[in-house]
Amino acid sequence: MTQPDAQTLERVRSALRAQRIETPSWAYANSGTRFKVFAQEGVPRNPYEKVADAAVVHRLTGVAPTVALHIPWDRVDDYADLAGYATDHGVGLGAINANVFQDNDYKLGSVTNPDPGVRRKAIDHLLECVDIMDRTGSRDLKLWFSDGTNYPGQDDLRARQDRLAAALRETYDRLGDGQRLLLEYKLFEPAFYATDVPDWGTAYAHCLELGPKAQVVIDTGHHAPGTNIEFIVAFLLRAGKLGAFDFNSRFYADDDLMVGSADPFQLFRIMHEIVRGDALAPEAGIAFMLDQCHNIEPKIPAIIRSVLNVQEATAKALLVDPDALAEAQRAGDVLAANAVLMDAYNTDVRPLLAELRTDLGLDPDPMAAYARSGYFEKIRAERADGQQAGWGA
Amino acid sequence: MTQPDAQTLERVRSALRAQRIETPSWAYANSGTRFKVFAQEGVPRNPYEKVADAAVVHRLTGVAPTVALHIPWDRVDDYADLAGYATDHGVGLGAINANVFQDNDYKLGSVTNPDPGVRRKAIDHLLECVDIMDRTGSRDLKLWFSDGTNYPGQDDLRARQDRLAAALRETYDRLGDGQRLLLEYKLFEPAFYATDVPDWGTAYAHCLELGPKAQVVIDTGHHAPGTNIEFIVAFLLRAGKLGAFDFNSRFYADDDLMVGSADPFQLFRIMHEIVRGDALAPEAGIAFMLDQCHNIEPKIPAIIRSVLNVQEATAKALLVDPDALAEAQRAGDVLAANAVLMDAYNTDVRPLLAELRTDLGLDPDPMAAYARSGYFEKIRAERADGQQAGWGA
Amino acid sequence: MTQPDAQTLERVRSALRAQRIETPSWAYANSGTRFKVFAQEGVPRNPYEKVADAAVVHRLTGVAPTVALHIPWDRVDDYADLAGYATDHGVGLGAINANVFQDNDYKLGSVTNPDPGVRRKAIDHLLECVDIMDRTGSRDLKLWFSDGTNYPGQDDLRARQDRLAAALRETYDRLGDGQRLLLEYKLFEPAFYATDVPDWGTAYAHCLELGPKAQVVIDTGHHAPGTNIEFIVAFLLRAGKLGAFDFNSRFYADDDLMVGSADPFQLFRIMHEIVRGDALAPEAGIAFMLDQCHNIEPKIPAIIRSVLNVQEATAKALLVDPDALAEAQRAGDVLAANAVLMDAYNTDVRPLLAELRTDLGLDPDPMAAYARSGYFEKIRAERADGQQAGWGA
Amino acid sequence: MTQPDAQTLERVRSALRAQRIETPSWAYANSGTRFKVFAQEGVPRNPYEKVADAAVVHRLTGVAPTVALHIPWDRVDDYADLAGYATDHGVGLGAINANVFQDNDYKLGSVTNPDPGVRRKAIDHLLECVDIMDRTGSRDLKLWFSDGTNYPGQDDLRARQDRLAAALRETYDRLGDGQRLLLEYKLFEPAFYATDVPDWGTAYAHCLELGPKAQVVIDTGHHAPGTNIEFIVAFLLRAGKLGAFDFNSRFYADDDLMVGSADPFQLFRIMHEIVRGDALAPEAGIAFMLDQCHNIEPKIPAIIRSVLNVQEATAKALLVDPDALAEAQRAGDVLAANAVLMDAYNTDVRPLLAELRTDLGLDPDPMAAYARSGYFEKIRAERADGQQAGWGA
């Protein structure tokens, strides 16, 4: 409960000013569960409108300057034009997310499909995504495979690893300088028996095999119950193999709720490992992205709220006193060490962040500023006609 | 590994001949995950075609004489006509499943929605389902509510219970003689923070409050990891409050895989409690239903396989030697008691079931018989045009 | 982030002043895992010393005026003398916890054991505990049964429920006026296949059957992964069947860590349901107890820290603006309703609690006060000889 | 349900004759939970008696020719003498299991302890174990670390990895030719926040770093709920990094029940990956060990039953028709591929195994043979005096 000194506060503020969070184009679009997609008003109808919404989030928060694209959902004829549109709106295009799970051919898998023709098609899509990266100037190719099996015996688990390795290799070899392949893992869904990249160990092993341009993505909702995610963060940072986060939160499975809404303490512990591993600054090369589904809450404010949640967890993590912590840890003082961490967590960082925003010329309360802005009323009217974007469009 | 004597075998055969399993109309239709619905060939386009497919399953297995309907998916103008069509095909209409989760109004809940107007609409649908039961002659109204919340604070957990109780009461009071209200529980999905009927305890408490016509449905995929389902079976049977099963299987969440495919030993333990509780025979009033999604495997053979899996588990459960088991249990002989159970489980009951089918004039191998029947080729051709049925149609 | 007004603050302070938390005698004693008990210095050697330690916790926190006993661990010749000793130290004796799991006879269960002789012995112990309650003036008999089975078939799940019901009935009928039977449930451990009271539904059903003096205990560490505990709190409060809490925290199984240390947000949500259900005040009859194992951290400060954690969560719960919450819920404004809750959670309540302690004549920082008190140095010296208390002593 | 042909049967029999399962010395000793150790009659009092019991298991089953030791529990003055004793009884000494979790110094960890002195002590113990291996002729050093933390912040997760790596390196470098370091992972217990080797990915990464003599141990009870263990088996076999199994079974956490008793289908799937990966034969270098706690059932028959369970699962796995499976997988025929697997699983292999035993001059029913042997009556009398061995002795 000790107050941070001026030097600490300046360090914290400086780190927060430099923080960057990428929002995903698809979170602005309609989404749902297998039971129902509840369409919302004002949802974008194309990639341009998604970029426009992302720009609003950045304008209000000051820390969300890029938007990730999903191919083919965000396929456009002219990527340079889209990139220019983004620039005009004050944001940039971020990671390219490949989609090899929504074509009828992928029923039994994409790059691990037993059919070589389907594998070829899937790999070609991955290569196309690198072509798009060349045009958008994106650094990161983010790969999540829905590949897996629903029934024991359905396919050969080991042969699927061979096929996966081959597809990753071909894609990796296509990467240009300064481009990365980010491999995401997921315990289950949509495959219900075995997933071909079910855990960080699998992703790590493949990335190690591939080389330095391959790194692991941690989606915070993709773990078995009880998994200690911050351990994985610490481990991958130590190994130099953490590439990115897909932030969201969950109570049960891959619920894709707003990050920080289900277990804010976990998010803080994750950010503590990031700070401890000196990995917060953009130059550390970790991409902090959101990957969420706002099924019942309005999209843009939900994304603003999510960005704020990440900021608040980060601010708390930055307030952890590293010297006091190290000393208590060295002494084996369990309660004192835990207390150092909790002191920071229990601090109300909202005034600090409000002040920071004011310094940056932003409204101290982005949620209220959005509500007042009239943007929602505007898009509701403008986008009333046409086909709203959703997963698959 | 002792052989059952003739008397035991006759008891087993007799019980197996009397067994009844209900198949769900929606399992014949297209289904998928939130990521993709992979449409299949030959899928029914309307309730009549679903009934026709269910009739094939019964014709081949001999133990699936009824098909459950889902309203509004299976809404028809003339239910008497549909029932007659079923009779003509050798099957009957079973439970009526209400659907209060696919209308835009239900975004924040149906019977527990904070908006009284939406609650009224949802209750009216439940009452309409009882009207339909009057016309179809169905005994059971099966209620599953997707109601719940995604975020802490979103709604008042306790007020939602009050609303739920009121809706159930009104529906219960509308039931005629010989009709039942079956209440299903589910841990999560599509609600991701709190579900209004999350566990058997909640369903049990409401059913107890309602009265003797209200009973609990166990969907085998709706539990938290580690839940001992056979304990719930035993407990509800002892309390006289088990009404029905929704059979399926899961490795992770509500995967809706073929029953018996993920953990056949669990299915056996469930059927052992059924046999031990004298609840297998139709007159015991437990409805044994399937509730599955065949996302990547062909529908009809998957349902046949599921019916066979339930039969095999039942046959094994019937082979448990009750006297030897009771004696070992009384003696506190842990290994001997466990061995009595495992002896039955480890028995290959397929020859016994094949023989039984032959006795009943059926093909001993229903899977092979279906493959040979030409039925799939027929429906593939006949149903090539038109709109296939799916969740929501 | 709005500041609470004076009236709210007075309501909050008043509720916090009235709050009562019971500490468990056994948490002051040595404990460990199945792998190792790491003995600590200064640990009590008998019930009197445990009471003395509990008195220190109360003296420093002001909200822990009673200590729960565990029989036979805390068996003494003269309970009146122990009660007098407690009074002299400024505390009282609280709930009596029965122990029917550490005698060799209980290998296959206590009240559900297949052997009637063992069941008799176990029930006699429960009745003896009520005798002790008569002498200590305790209101609550807390029952946790380790009963269960390790292997399928080992015993008859349903017969065990019959035996359980009979034992509970006999014990219930022995209760005097103003005495209660509190039934605890637990998913697993030490039984590894089926537990005889595995979940709240089972405990609830038995308590309902027994009558108004029987209520359910929620141990926060006794649930399956993913269980929404605050839902259970809300449900049992609505049903008038919540009797007590055993507070602790867990990441995996029944880890028995300090309450609030693993998921402080969950503890806040639980306390929110308590406040919302008007169940915080002592007259509401809910017993708030700790039940923890301090395996590697020093006992007394760990218990002080736990008490503070409960206080902090309670303070935050009391700060939730009920009108704003109800309005947002009624309006179906998901983000606004969630924000009302989070506003309170994100508040740093430590200054408020420090002030409150000062008002009560306590040190604002109980942890520091304990460290300065010299109490540990004193007991380390005084208790260096003799046999330290532990589970089983 | 097709019958295997003569050639298949001979392949199956031959593989089963060559199968080797190692039993653990500590499973013959007393064990329990943190709540109670229920001592059993006839339990060994020293390593010699443990070896004698293991010899009985081998004599009756024919497939358990080695016994694993645990240091210091099985420390003797003269390991050559113990080895000779084993040889005289028809068995050999197997893996050496290090124990760095039962000394008071290890309260905050062994090789990852913040105190360098404790780390030195722990590493010295590991080196001592290699010395013992030199004397016993053991090939495998099995390392399981209870190291971890109970509270967030308690210690630095990343620094602990550095310390772990250093300790493993020093131990690895001490290994002689033909010796291996086998690293085990475990999700939790006795550490309840973070375990230093929580999952296969961590163990794999360290083993890869160490070199070819380091391999991963899979303990089947050490995973998060929902983990697909056979995937890990397949993955590690493909990577050449699977060293051994610790077999047991669990419903919840690390329950240490008899292998195959909780989920026999899972055990079959694991053995299917072993057969598919050509890893069953002793020359493949995978050590198949049991690691169980028989808390309530008699030790020796429980171990015999466990050995039989592994044999039965293996026999079923060997009966899977590889050609039919591969063809169905290649064709993408989900149901047919699954059916090939299930056909083998549903086969009753007990007659085949009984026949095999008879061929080997063994009793076809080892459980019955043990019961008839009088061995238990003998040890109960002989070992009535003295101190029985248990965890920690």
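For reference, chains read A, B, C and D in written order, and residue numbers begin at 1 within each chain.
In this text, a residue touches a chain if its C-beta (ideal position, glycine included) is under 8 Å from a C-beta of that chain, and two chains touch if they have at least 3 such contacts.
Listed by chain with UniProt protein names: A, B, C, D = L-rhamnose isomerase / sugar isomerase.
Predicted, not measured: the structure shown is a model, and the values here were computed from it.
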Given over half shared residue numbers means same and under half means different, the chain B/chain C interface is same
Applying the document's contact definition, name the chain pair with more C-beta pairs in contact, A-D or B-D. A-D
Just curious, how far off is chain D from chain B if you go by their C-alpha centres, in Å? 40
Residues of chain A that touch two or more other chains: which are they? 108, 150-152, 187-188, 193, 225-226, 228, 251-252, 261, 265, 296-297, 334-335, 338-339
Okay, in this complex, where on chain A does chain D touch? 108, 114-115, 150-158, 161-162, 187-188, 193-195, 198-202, 204-205, 208, 223-228, 230-231, 234-235, 237-239, 265, 269, 272-273, 276-277, 320, 325-326, 329-332, 334-335, 337-342
Which residues of chain A touch chain B once you look at their complex with the stated criterion? 31-36, 38-39, 101-102, 104, 106-108, 146, 150-152, 187-190, 192-193, 225, 250-253, 255, 257-258, 261-262, 295-297, 391-392
Contacts from chain B onto chain D in the complex sit at residues 1, 225-226, 228, 251-252, 261, 263-265, 296-298, 301-302, 305, 312, 334-335, 338-339, 345-348, 350, 354, 365, 367
